[in-house]
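Read from first to last, the chains carry the letters A, B, C, D and E; within each, the first residue is number 1.
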Amino acid sequence: MITTVEEIQRSTTAMRSGELARSQESRETVGDYSVPDARMRCRDVEVWYGDKRAIHGVSLDLGRNEVLSMIGPSGCGKSTFLRCLNRMNDTIDGCRVSGSIQLDGEEIYDRALDPVPLRARVGMVFQKPNPFPKSIYENVAYGPRIHGLTNNKTELDALVETSLRKAGLWDEVKDRLDAPGTGLSGGQQQRLCIARTIAVSPEVILMDEPCSALDPIATAIIEELIDELRANYSIAIVTHSMQQAARVSQRTAYFHLGDLIEVGETNQIFTNPQHRLTEDYITGRFG
Amino acid sequence: MITTVEEIQRSTTAMRSGELARSQESRETVGDYSVPDARMRCRDVEVWYGDKRAIHGVSLDLGRNEVLSMIGPSGCGKSTFLRCLNRMNDTIDGCRVSGSIQLDGEEIYDRALDPVPLRARVGMVFQKPNPFPKSIYENVAYGPRIHGLTNNKTELDALVETSLRKAGLWDEVKDRLDAPGTGLSGGQQQRLCIARTIAVSPEVILMDEPCSALDPIATAIIEELIDELRANYSIAIVTHSMQQAARVSQRTAYFHLGDLIEVGETNQIFTNPQHRLTEDYITGRFG
Amino acid sequence: MTDQTPASAPNKRTIDAVNASLKRRRAKERRFRRLGAAAVALGLLFVALLFTDIVAKGHTAFQQTYIKLPVVLERAQIDPEGSGSAEVIARANYLGIIRAALRAHFPEVTARRDKRALYQMVSVGAPQLLRDQVLADPALIGTTAEVWLLADDDIDMVVKGYIDRDLPESERRVKDRALGWIERLESEGRIAKRFNTIFFTNGTSREPELAGIAGALAGSFYTLALTLLLSFPIGVGAAIYLEEFAPKNRWTDLIEVNINNLAAVPSIVFGLLGLAVFIGIFGVPRSTPLVAALVLTLMTLPTIIISSRAALKSVPPSIREAALGVGASPLQTQFHHVLPLALPGMLTGAIIGMAQALGETAPLLMIGMIAFIVDVPAGFTDPATVLPVQIFLWADSPERGFVERTSAAIMVLLAFLILMNLAAVLLRRRFERRW
Amino acid sequence: MQDWILLLVLLAVMTAAYHLGRRRAVTGAGGPSQVHRLHSLPAYYGLYAALWAGLPALLLLALWVGLQDQLVLMLLQAQLPQEMTAGLSEGRLGLLVNDIRNLASGAMLSTEITPELQAAADQYARLDQLGQWSMWTAVLALALTGGWVAWGRTHPRLKARNQVETMVMAIMVIFSSIAILTTLGIVLSVLFESLRFFSMVSPLEFFFGTLWSPQTALRADQVGASGAFGAVPLFTGTLMVSAIAMLVAVPIGLLSAIYLSEYAPRRLRAVAKPVLEVLAGIPTVVYGFFAALTVAPFIRELGQSVGLDVASESALAAGLVMGVMIIPFVSSLSEDVINAVPQSLRDGSYALGATESETIKRVIIPAALPGIVGGVLLAVSRAIGETMIVVMAAGLAANLTANPLDSVTTVTVQIVTLLTGDQEFDSAKTLAAFALGLTLFAVTLVLNVVALHIVRKYREQYD
Amino acid sequence: RDSIYIVGSSTVFPFSTAVAETFGRNTDFATPKVESTGSGGGLKLFCAGVGVDHPDITNASRRMKASEFERCQEAGVEDITEVKIGYDGIALANSREAEQFDLSLRDIWLALAKDVPNEAGELIPNPYQTWNEVNRDLPEVAIEVLGPPPTSGTRDAFVELAMEGGCKTYDFIKAMKKEDKSRYKAVCHGIREDGAYVEAGENDNLIVQKLVANPDAIGIFGFSFLDQNADQVQGSKVDGVEPTFESIADGDYPVSRSLFFYVKNAHVGTIPGIEEFVAEFTGEQAWGPEGYLVDKGLIPLPDAMRAEVASAAQSFAPMSRP
């Protein structure tokens, strides 16, 4: 085993840093990044943190009723890219985004565009669970409340319950809905954040490693949820588990040091990657 | 697939809540929880959050030069138990711990015991990465500094570098050691926290899902690190990945709703679990 | 999954609900934002208003009227033996010399009453200033020098236009004959406004033209320096202990309530306390920066403690855990990690606490600071007043000349305040961060 | 002057102790490469020695400086020739000694210099000198002893960090207890006079009477009303003025805080915050003049133009201006805590499609609530304690009224006017100030208990 | 201590400080420290004892009370020199923009008293709202008087001199004095509380400013402020006499009170400069009709009295029990 790891370590070292110097220009993406009738359409997206470029001209589409998974080594820019899709990067000081990102044909970085309805349509589950310092109930009810999705308390109660149920958290918290969301365990917080997001039924859901703190059973529930949601919505999910990517997604995108290296049918990516980097990453699979 | 998930969901629902009512007494642990010449020895540990009991009389040993993995559904008390082992629960308002926990025969909850050297000996990687809002360098250098582990700047630099290298982060950050640790990606932060912990070379290392945000390659590096550390130290690791548990640990403990259900040789647990709950959990494996 | 819920019912789309209410919400948002901007603008407007008011009233005090007269400095009168010794020169009768100069310039004034009025054109402090001038330049002795003599405050007020020359004589403090003299001197170019150095170098005085801010400024400096030195470390130390280390129980609740309550104690009561304890029991001398600083320390402590505790509370617990996790002691955790993050809030507490201390008069009333002290204090135990007290006393003085000086003193106080805050504000900005 | 030099010398001794202690620890461990064998960081051994060298000596120095004068004078008095001191009371003896001191320091004298006086003055100078020298010796000796003891105890297994931290903790505990002692002092310094007051005026009248007119005869030959001491109008007046002030300060302050931390460009924030803080430092006399001469006439004219009868002194004018004064208490403190709310919470809310204002109102403010309440409480406290503005703009008439256009007075104002007016310490008039102080203390205490409970209830701990 | 320590009345403070300053300037003694504590507060400090920590001199805008004298005696402050320094006129003034008032003491009382007699000679709550209701010759202006609060010494003096003076002009009330003294006091000293009398603070400059802003109002304050602000406010005639130096000095102007300072004889000769200070204060160049204190607004004593007081003061003749 040690030799394998050492080899990998060497190769990642090369991947992670050695190529940094020459990767200052964006590379060609292997595979067809576009889909017909895309829900979201990104073209030549670049993201800068100060004067550090984190995403190098990525073009990628998210189709209707599809689950797109994004994989890639830690720090390659998956979260950064994901956060572009609902303009969450606006909140980071010194973060600039260029290129074109469209939702249903509408430019989301348009000055005239209001990010509020955009974010209501494009929901997000963050990598680090961030429950509000409120009760569990209030955490979930918050979104529906501000958007006025329910007409009365009963409906809201029902919505909170279904959301928590779908996230597989209901049974654990049903008798302490008034307890603070911050007093939950790591995995519980993660599921709470998922419940919070689906409670507003966004059309596109961005999930940044939604199952990272979950046990296999809870993971299964979330994956089941994703599968169910796909019927109506589009979902982009960042994951480090290639099995998970294989299980839930139709298309997979492989990121590397800020570049989108390859994108294609999930099956094809995992069985027959085209790019050497993709292959290296996939075959070094451990998870 | 759906049927499977539904079944599992039903069973977990039962597991997670239905049994809560009758599980008020601690159950017998299956398997031998003690090891000869244990590094840490826990007996009848109970943890309460306010009047909610999160750990029900758990007894468990952590041997020398062994890696013990703790598995169990989300919210079952793994983190809580782990945090007892270096008295991190002291910082939570309303959290009480009873029972006996010994490190090398010394009662760590003894009033006379100074938790500070204890925590230097028993290091911890938290579930949610929590880098200091300082530079990357300072994050790692902090521990060695306060413990006086190095004699001069050169040694400290070297220590920081080795720690970061061991955590597989060096190449990504070596030219921005002055950048704030909070500006790293999720996985980078996690590795930074690992580097920070190993920089003080604790004798026992507690890791709460150290690879949850890591890609397979980074995971491999950390697992390799764990393996390497085992030569001198004792390690307890919480993980949701049973493959990971199988790969890195010698013994595995299965927690369930605050009880330690079963503990034994990792091999044996994964191939031949004794308790029905353990078996349910293992066989429902998805990860 | 059989139950149909709003979350999975595609016919009731969220975006429709959002769009339906968006205009309203956006309008609310805009209103809120404008309200915020308006609040800031209003606050700034108040500052601007107060500043312009003060500056408009006070800027004239930085100028002072002087009268230029040929002064005969006969050797026989000043230094008859020609010894050149400063002691002898200092003892000469400069008042007589000045009066002679006035008489010489207005030979037509002969009546005793008129002469008295004439002499009152120059300040009672003028002889001393003349003496200093001669002492500084003994070569003047034996010559007739054109000397700028300090004018009396009434003359100053006329020249500055604060006394209306067109009013009937009975309604004016400066009578017609004095006005005539002034006009004559003005036409001869013998009256001028010059920069008022006296205001910055002198202690207080009952004569507006001789009154200066130096004493109060020094008093305020000593007092505030000591107050800061005592209250900031004590306040921060107490806050850290109470917030981070003290067991959480009824006792500490009581202490917390108690500290909040101390903030509501009228400041004069702190004066009573200071009088009883510091002066009565410990024998600290009255009217000194030392006792003032002790009282003001007690007064500002609650402000600093409360704001420091709020700042400590807002540091996320995960930072503490991280530090404790690598084996830092609780104190190291505080000093290395929590304190730097909480420092901005603590500094804010210090800034407003010290601002309050700088502007406070009521408690000083009880400890003898409302006093007439001419000498500029040189230490913590010299009798002194402070700026707000000086302002209070001048504002309460009948002489018209003190009106502008009051405003000028306020300007000095504000300058002091701004300088004092500047350091803290810069420091605060360095430590501010979001996470 | 001498004391300052001694202080500097002491600091130098502490520095030396630090280095020596540190060095000894390092050598004891076996050299710089072996410091890991030490229980604590070398610096802690240094601090340990420095604190031992410094703290007791500093304490002694403080005590000595406080007592030296008295000691020297006592010695001097004991040594004065009998004929000089015979039959002198303590006060007169003090005056005599004062003469001697003036002579010794070369100041002007009011009496002739007799030989005895001169001798005494010389003796005084000698004693003083002696005192100085013994102070130096004692303080330095103690410092060196302390340092030496600590140095002697230094060995690698000494828990230096724990020792130092215990000392620091002890210091912090002492600091915390200052607040308690202050309270104790305040209560004690008003309690006895209050009791005397209540023996003259029935508490019933004081707490429930609605007429306040503390006019009692000052001289025996002077005729005067017996005075009325019903404190109710004062409390309602306080309530009204503070309420008006809070109506100004809380919205403006809180909105400013929100705008500055959430919306404003950085530059504006960097400038506006300190500028607003200046409002807290403008002397209250200035506000008083502003309220009385600008705001009050304005309100009066405004009122008259709509046919309202407005007193030229009104609670409204005072309250408004006071509100302006306390804006920074709310704005700056709130701004700090709002700023400290982690960004991840904002992100969480934005990601659900909340607007900024919704995020602020529903997530940030609740999370920052304890700090905001702290700021508001401070502002209320300041409003309750303010006098000058009220005296100048609201008058001093104790009207029991709910009309903000009337003239009112507040508890604090009455305390101040009673204590600074022509006092007489055995009449109910002056004693009333103490009773008012005590009552106000009790009332605000109750209010604070309530506030604490409310904050506890709504506190939301993040992270 | 090498400087004189003076405490006491805020009314005497401007005069005392003027003397202190001149004394400091013209002699080699240190300038005295003068604290403004109010007459009562000053006497309390003064009577606390003999010794360096206690003040040497206290100023008062009224005579020392018997009880205060007792307190002094008890504390060993036995010999005290009383020095009457002059008078302080209490002016009733209004803005120059308005008409000058010509008031009688009775007008003042009727306008400001709590209860006033009606035609039947019964006391009723004060019904007067405008000045011409009080006296037909006065202008038809609402009664609004800015005056000192009950806590101040000026108020005491005003009530005693002006109010009681007006009150006494009713015989039936004067008769009351013998029968029911406390009722007499209540009637003569009670000031109305319905808003016509506005209790303003002790800052006389502020009152002047308020009068300028509000020409309908009358203010009550010390004569020196009237003197300094003659271009803005005018003093009302009282009983036909305008407040001027001369009228107050002659005693024609009815609302004026005496000012004092008290010297602790035990300190004379030990605290340097007390004799010289008292000499300065009681010298013609200071308190004489042409002295600098007059410029500061002090109303001098009559010539004969000045000479008498000065010689008594400079020989430190102890006062007797008041």
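Note that in this section a contact is a pair of C-beta atoms (placed from the backbone, for glycine too) under 8 Å apart; a residue touches a chain by one contact, two chains touch by 3 or more.
Not measured: the values here are computed from a predicted model.
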item: Those chains which touch subunit C and also touch subunit B; value: A, D
item: Interface ranked first by C-beta contact pairs; value: C-D
item: Chain ID, smallest distance between chain and overall C-alpha centroids; value: D
item: Most remote chain, CA-based centroid, reference being subunit A; value: E
item: Whole-Å gap between the CA centroids of subunit A and subunit E; value: 84
item: Whole-Å separation of chain centres (CA-atom averages), subunit A against subunit B; value: 26
item: Length of the line joining the C-alpha centres of subunit C and subunit D, rounded to whole Å; value: 18
item: Gap in Å, rounded to a whole number, between the CA centres of subunit E and subunit C; value: 31
item: Touching two or more other chains - residues of subunit C; value: 18, 25-26, 317-318, 329, 341, 395, 435
item: Subunit B, residues touching no fewer than two other chains; value: 116, 128, 146-147
item: Sites on subunit D at which at least two other chains make contact; value: 161, 289, 342-343, 353, 355, 358, 420, 461-463
item: Every chain pair meeting the contact rule; value: A-B, A-C, A-D, B-C, B-D, C-D, C-E, D-E
item: Residues of subunit D touching subunit B in the complex; value: 32-33, 35-36, 38, 40-42, 159, 161-162
item: Residue ranges of subunit E in contact with subunit C within the complex; value: 7, 10, 13-14, 16-18, 20-22, 24-25, 30-31, 33-37, 96, 202-206, 222, 224-225, 227-231, 234, 290, 292, 295-297
item: Subunit A - residues contacting subunit C, complex; value: 114, 116-117, 120-121, 146-150, 155, 158-159, 162-163, 166, 198-203, 228-229, 232
item: Touch list for subunit B against partner subunit C, complex; value: 86, 88, 91, 93, 115-117, 119-121, 123-124, 126, 128, 130-133, 142-143, 146-147, 182, 193, 196-197, 199-200, 202
item: Footprint of subunit D on subunit C - complex, ascending; value: 18, 25-26, 28-29, 32-33, 35-40, 42-44, 46-47, 50, 53-54, 233-235, 237-238, 240-242, 245-246, 253, 255-270, 272-273, 276-277, 282-283, 298, 301-303, 305-307, 309-311, 313-318, 329, 331, 341, 344-345, 348-349, 351-352, 354-356, 358-359, 361-362, 365-366, 387-388, 391-392, 395, 410, 413-414, 417-418, 421-422, 425, 429, 432, 434-435
